[in-house]
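To keep things simple, chains are lettered A, B, C, D, E and F as they appear, and every chain counts its residues starting from 1.
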Amino acid sequence: MTGADDWYRLSPRTIERERDVAKTARKNAVESDPKRPAGAPRPIAGAAPVEADAAARDDTEIIALDLPPEPPTPAIEAYFAKCEEKLGFVPNVLKAYGFAMPKLEAFAAMYNDLMLAPSGLSKLEREMVAVAVSSHNRCYYCLVAHGAAVRQLSGDPVLGELMAMNYRAARLSKRHRAMLDFAVKLTAEPWAVEEDDRARLREAGFSDRDIWDISAVAAFFNMSNRVASATDMRPNKIYHSQAR
Amino acid sequence: MTGADDWYRLSPRTIERERDVAKTARKNAVESDPKRPAGAPRPIAGAAPVEADAAARDDTEIIALDLPPEPPTPAIEAYFAKCEEKLGFVPNVLKAYGFAMPKLEAFAAMYNDLMLAPSGLSKLEREMVAVAVSSHNRCYYCLVAHGAAVRQLSGDPVLGELMAMNYRAARLSKRHRAMLDFAVKLTAEPWAVEEDDRARLREAGFSDRDIWDISAVAAFFNMSNRVASATDMRPNKIYHSQAR
Amino acid sequence: MTGADDWYRLSPRTIERERDVAKTARKNAVESDPKRPAGAPRPIAGAAPVEADAAARDDTEIIALDLPPEPPTPAIEAYFAKCEEKLGFVPNVLKAYGFAMPKLEAFAAMYNDLMLAPSGLSKLEREMVAVAVSSHNRCYYCLVAHGAAVRQLSGDPVLGELMAMNYRAARLSKRHRAMLDFAVKLTAEPWAVEEDDRARLREAGFSDRDIWDISAVAAFFNMSNRVASATDMRPNKIYHSQAR
Amino acid sequence: MTGADDWYRLSPRTIERERDVAKTARKNAVESDPKRPAGAPRPIAGAAPVEADAAARDDTEIIALDLPPEPPTPAIEAYFAKCEEKLGFVPNVLKAYGFAMPKLEAFAAMYNDLMLAPSGLSKLEREMVAVAVSSHNRCYYCLVAHGAAVRQLSGDPVLGELMAMNYRAARLSKRHRAMLDFAVKLTAEPWAVEEDDRARLREAGFSDRDIWDISAVAAFFNMSNRVASATDMRPNKIYHSQAR
Amino acid sequence: MTGADDWYRLSPRTIERERDVAKTARKNAVESDPKRPAGAPRPIAGAAPVEADAAARDDTEIIALDLPPEPPTPAIEAYFAKCEEKLGFVPNVLKAYGFAMPKLEAFAAMYNDLMLAPSGLSKLEREMVAVAVSSHNRCYYCLVAHGAAVRQLSGDPVLGELMAMNYRAARLSKRHRAMLDFAVKLTAEPWAVEEDDRARLREAGFSDRDIWDISAVAAFFNMSNRVASATDMRPNKIYHSQAR
Amino acid sequence: MTGADDWYRLSPRTIERERDVAKTARKNAVESDPKRPAGAPRPIAGAAPVEADAAARDDTEIIALDLPPEPPTPAIEAYFAKCEEKLGFVPNVLKAYGFAMPKLEAFAAMYNDLMLAPSGLSKLEREMVAVAVSSHNRCYYCLVAHGAAVRQLSGDPVLGELMAMNYRAARLSKRHRAMLDFAVKLTAEPWAVEEDDRARLREAGFSDRDIWDISAVAAFFNMSNRVASATDMRPNKIYHSQAR
């Protein structure tokens, strides 16, 4: 539980950065905000009036429940500071859990272990699972936040769209197709997942530990998708323009 | 069948432009191409290898069927020229139909009448229906192409994402919610649409003619989604970066 | 766009008849009307009262929307005359579109190209696709109208019933089973249609052009089924007794 | 268990006929056979070859299981004679059960009690439930056999089609709509039927005994549909032309 | 139709007992009642109040319909006496049908033939089909009553749980897996059961007669599940503690 | 994060017992083991052979993945000791996570906070949500383990069965029905959960914090169900006989 690569563990220790992620993220954050006002398309004159800005309140009214925040614990304070430093903002999902520190700590510990700790799956692969699962569940929050992550980690904006829209339309390696087929079947009809399904992952080169990780990430987003949908959680506006 | 606003009718007549759409489209087309090489996020070192560019072949291998193009009729030649002039490119769906001029003409005639001709529904509303239906059907082509249209016509990039991901998460007027509920029910379980459903549209202020138009647009995309899925139709790459 | 076999194109040109279809149709039309009053089964005395005649208003109240007809264009006038001549009546779907000539022209152009123009699929095969798709979507209008077409084109009344009730119960050639499996999968879960599905059609002897045609017909009826359900479209009464 | 109206009970007693049903049935049987060879539509020259007659073997290969018939018991012999006398033929479902007399007796006893014994539901209403349930389950045998019964009992050929295709498209009394909504919900998602559903039937005027009868008929056809589908049971050809 | 093993036929004949079933049943019945008051877990102090006893009224208010019982026929009187003697109680489903002797007789005749008469399937196998089907249909009555039967006939309490919860999680022989896959597919999508499905049963060693029996039992519980759900039928309380 | 009631937090601190839960659990554990060999039903002679004991390997082969355990951290060692002391055994799910201490710690922290920490929902209510969700997902592990918890916490064995089989069949207070309807809708179609659904919970007396807790518990079991199904996780045998 120690070491330079463990920043995502909830503790006030000094931690190294995952430099590339952070740089890309900050760059997008910085660039996109000033650029959007200038570059944003203007409504066509005469178009039927819709809400002036669909995401207007997304960074202030994060969930549809009235749950006043608790004072952050020191570990969470340090974690939020890291988020600001590395991402340029605190993801709304963390703010949503901010009404109860033990819940936020438990969520962040599990999330960080699953998505950032060493694994036979690359971070991009875990994000691909996250988005394909969230697409099945049509979860607005997770599609926006993790769609941005796929774009960022892959450097390929279209891959993010494919995961969010229909992973079957993507031209994937056998490995990635097997991974996503398993994750989405586990999402759609968990009762029908059996040895044959695990065998297909092994044939595609995945170890038993990899199978756990695919399962655990897919399962985690089945949880997160439902917390987000149940509470009408809104993604940070900045995600939309990241890594396009 | 005449008049300056009828450019979308298949004929070699002189036609006026819908200026704002065209301008925005060209601007995006021009800006986005040179900007992307510079601004595109770079893959994180060490990320698991995915296909270098998910959309690499999307503008050359448009469908998965081998159907050599027919020589265009004069009407289609003029139509393609209009597309180039107004959009900066010919949508891949039109190229896909290019193996049989009567099919292309019939498709274009119906599409243009539905989406561009005068109607009680604004063009943006028709595109919202198109994207919400395509989201239910998880149609990659239509989500990309018409998601861009919603972003462009609304000037609100997030609205396009909401239509593509889950229209129920959007904060919509009563009118728009009723419109999309009808369109998506008609998509998901057409056998269950009845007088009550039409009554709900009337209560939301829609005329009988509007009900036809909502139905016809929703129905049309239930067709287009299936032609696209059956043939693995790929959207023009340029759509991805438009109006973000 | 010319030639004796092109009567279904919307134009005032002189056109040849598809004699056999027409003869059968007229014969049925003529025979069935006078016969029905005489031969129709009488309600059992004492049976619980149902609406005296389920189709009583079907030829007068064609859809549940109030959309006054436009004066027909010359092309449509000629087309309706052809319908009367060849079928003995104008199909209600055409009357339903009669409130807007451009819509009717676009619909008829697409329909006629798909269902009547030369294709690797016989007309009967296209009608079988139409009915199997309409059965999945439980579309009353299309099951009645195109069920009659299958009966007529095949000369086999039971084949029409099988397509309308459950195509899987029919004893079909490998070719026809593959064709209908594809069409119904495309109807039920278009997002899951992939290269494997196209490969199965090729194995059954279909060309790439045939695959397009199967897809396009299936897709078209996914549109038509929804227009019909959305508007409560009623089939011409005469269909029910045709080719029994 | 006695009385002139009890012919459908399995016993060698003398029994009265249900005259109207029998007359209509015999009339149809007689009329339709000679007429069909003459009046049947002929295949269009050049149509793609389908099986020459979709129902060719339907009256000889009744199920897809090889189960040699047992010698009939006297009660069954009498019952079959009644069928011949009243209907003009023995329904194939009875022949299918003929490999085991106790199974056939049990089936016939339950069927006859449900469909023919006195009830708050008319015989037509019970047949409407049968067909609407069979339509949900897409059961070829039951749709054909009981579709004919609806046409016959109602004297309205279109009502039979509506029940088989989509009962929601029929113009029904409140009573009949409530009855069919209950039956089809019980078919589609029995786990979700609750007091509210029963209350809706009571509001439509049904007694508790009627609710039992609707439930029992709907449930019975959920059984029969599955026996028929599991064994590929084929309906007697004669049904197709009855009461059209 | 004669012989010592035929007690389940509805007749006043002397019949032999199936000794082991009866002994186990009575033993459980006797043991469990006095034991439960003593051994039953007590609610935790402070737990949120739920209905004091979920099954409190289950043996008095058997269904949600008000249908006063008819006087039993002699055959039924004898049958009920047998139930008391062999099981220690009369199953509530029989009491539920008690408002109409012909219905009860027909139900009991079919049930007994299917579940108790000689068959290539053991009684346990038939009960496994019953429970797996009832699990798909989430039928409370049948899961409780037939879950107890699986526990009893197998002597394995866990097998009953597995059938009721998810048969796919049980470690089954190829024979039993094929049997349950067929039964559950027939339950979930009867329209899709075809020759391939029957072939899979034959490969697993089932005869054509066995296929009928699997189908008939699965079909019967699709009926019973729906009668039970439609009427809110409650299982005898005693089942819950049997053979645990 | 301190206090006598916090035993479930992962720390080596001295903690108070939840006496009643523990006592009941131990009592059941002790009683049931010796009792079962004596009281367990014996297989009927001649019954078709099934696996001698469906749960034979459930306590040794906990999941279908080969993941050797890590040495426990001190916190986990203490936690396991607590489990032994309070429950009489370590739940298999915890052993399953034992290959990676950070994953186990994160899981246990989240689980304990959700299910045991103070909340507007009683522990029984949270277990009811857990079982109703697991029933929808047909998760063998969670139905067994948490079904036992409902039996234990309620002192009502039948309530556990109802939650596992079909919560709609239980006679619930308005509060509990609303709670479970929300949890199961969130499970089945999270994309459709909206303000109306939250409003229904508020009408049933739940606070915004309660809504979070219902959502979080339902979401958590959507995760756990999928980890269990993906890995074929087997419940401790002892659960089956607890609190019957």
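As a convention for this text, a contact is a pair of C-beta atoms (placed from the backbone, for glycine too) under 8 Å apart; a residue touches a chain by one contact, two chains touch by 3 or more.
No experiment lies behind these values; they were computed from the predicted model shown.
**Student:** Mind listing the chains that sit against chain C and also against chain E?
**Tutor:** A, D
**Student:** Minimal path length between chain C and chain F through chains that touch?
**Tutor:** The fewest steps needed to get from chain C to chain F is 2.
**Student:** Taking each chain's centre as the mean of its C-alpha atoms, give the chain farthest from chain A.
**Tutor:** Most remote chain from chain A, centroid-wise, comes out as D.
**Student:** Between chain A and chain F, two touching copies, which fits better, same or different residues at the interface, with half of the numbers shared as the threshold?
**Tutor:** Copies use mostly the same positions to touch.
**Student:** Suppose a student superposes the Cα atoms of chain D on chain F; what rotation angle should they report, nearest 5 degrees?
**Tutor:** 120
**Student:** Going by the average position of its CA atoms, which chain sits the greatest distance from chain F?
**Tutor:** Centre of mass proxy via C-alpha means gives C as farthest from chain F.
**Student:** Averaged over CA atoms, how far is the centre of chain B from the centre of chain F? Could you give it in whole Å?
**Tutor:** Whole-Å distance between the two chain centres: 48.
**Student:** Calculate how many whole Å lie between the centre of chain B and the centre of chain E, each centre taken as the average of the chain's C-alpha atoms.
**Tutor:** From the centre of chain B to the centre of chain E is 55 Å.
**Student:** What's the distance between the Cα centroids of chain E and chain F, rounded to whole Å?
**Tutor:** 28
**Student:** Could you tell me which residues belong to chain D and also touch two or more other chains?
**Tutor:** Each of 138-139, 166, 191, 194, 232 in chain D touches at least two other chains.
**Student:** On the basis of the stated criterion, which chains touch which? Give every pair.
**Tutor:** A-B, A-C, A-E, A-F, B-C, B-D, B-F, C-D, C-E, D-E, D-F, E-F
**Student:** For the complex, give me every residue of chain B touching chain D.
**Tutor:** Residue list for chain B touching chain D: 191-192, 194.
**Student:** Can you list the chain D residues touching chain C in their complex?
**Tutor:** Those residues of chain D that touch chain C are 20-21, 24, 28, 31, 39-48, 50-55, 58, 121-125, 128, 135, 138-140, 143-144, 151-159, 161-162, 164-166, 169-173, 176, 232, 237, 240-241, 243-244.
**Student:** Which residues, counting only chain E, touch chain D once they are in their complex?
**Tutor:** Against chain D, the touching part of chain E is residues 1, 9, 64-67, 99, 102-103, 105-107, 109-110, 113-114, 117, 137-139, 182, 186-187, 190-191, 193-195, 198, 208-209, 211-212, 214-216, 218-220, 222-227, 229-232.
**Student:** Considering the complex alone, what residue numbers of chain B touch chain F?
**Tutor:** Touching chain F from chain B are residues 166, 168.
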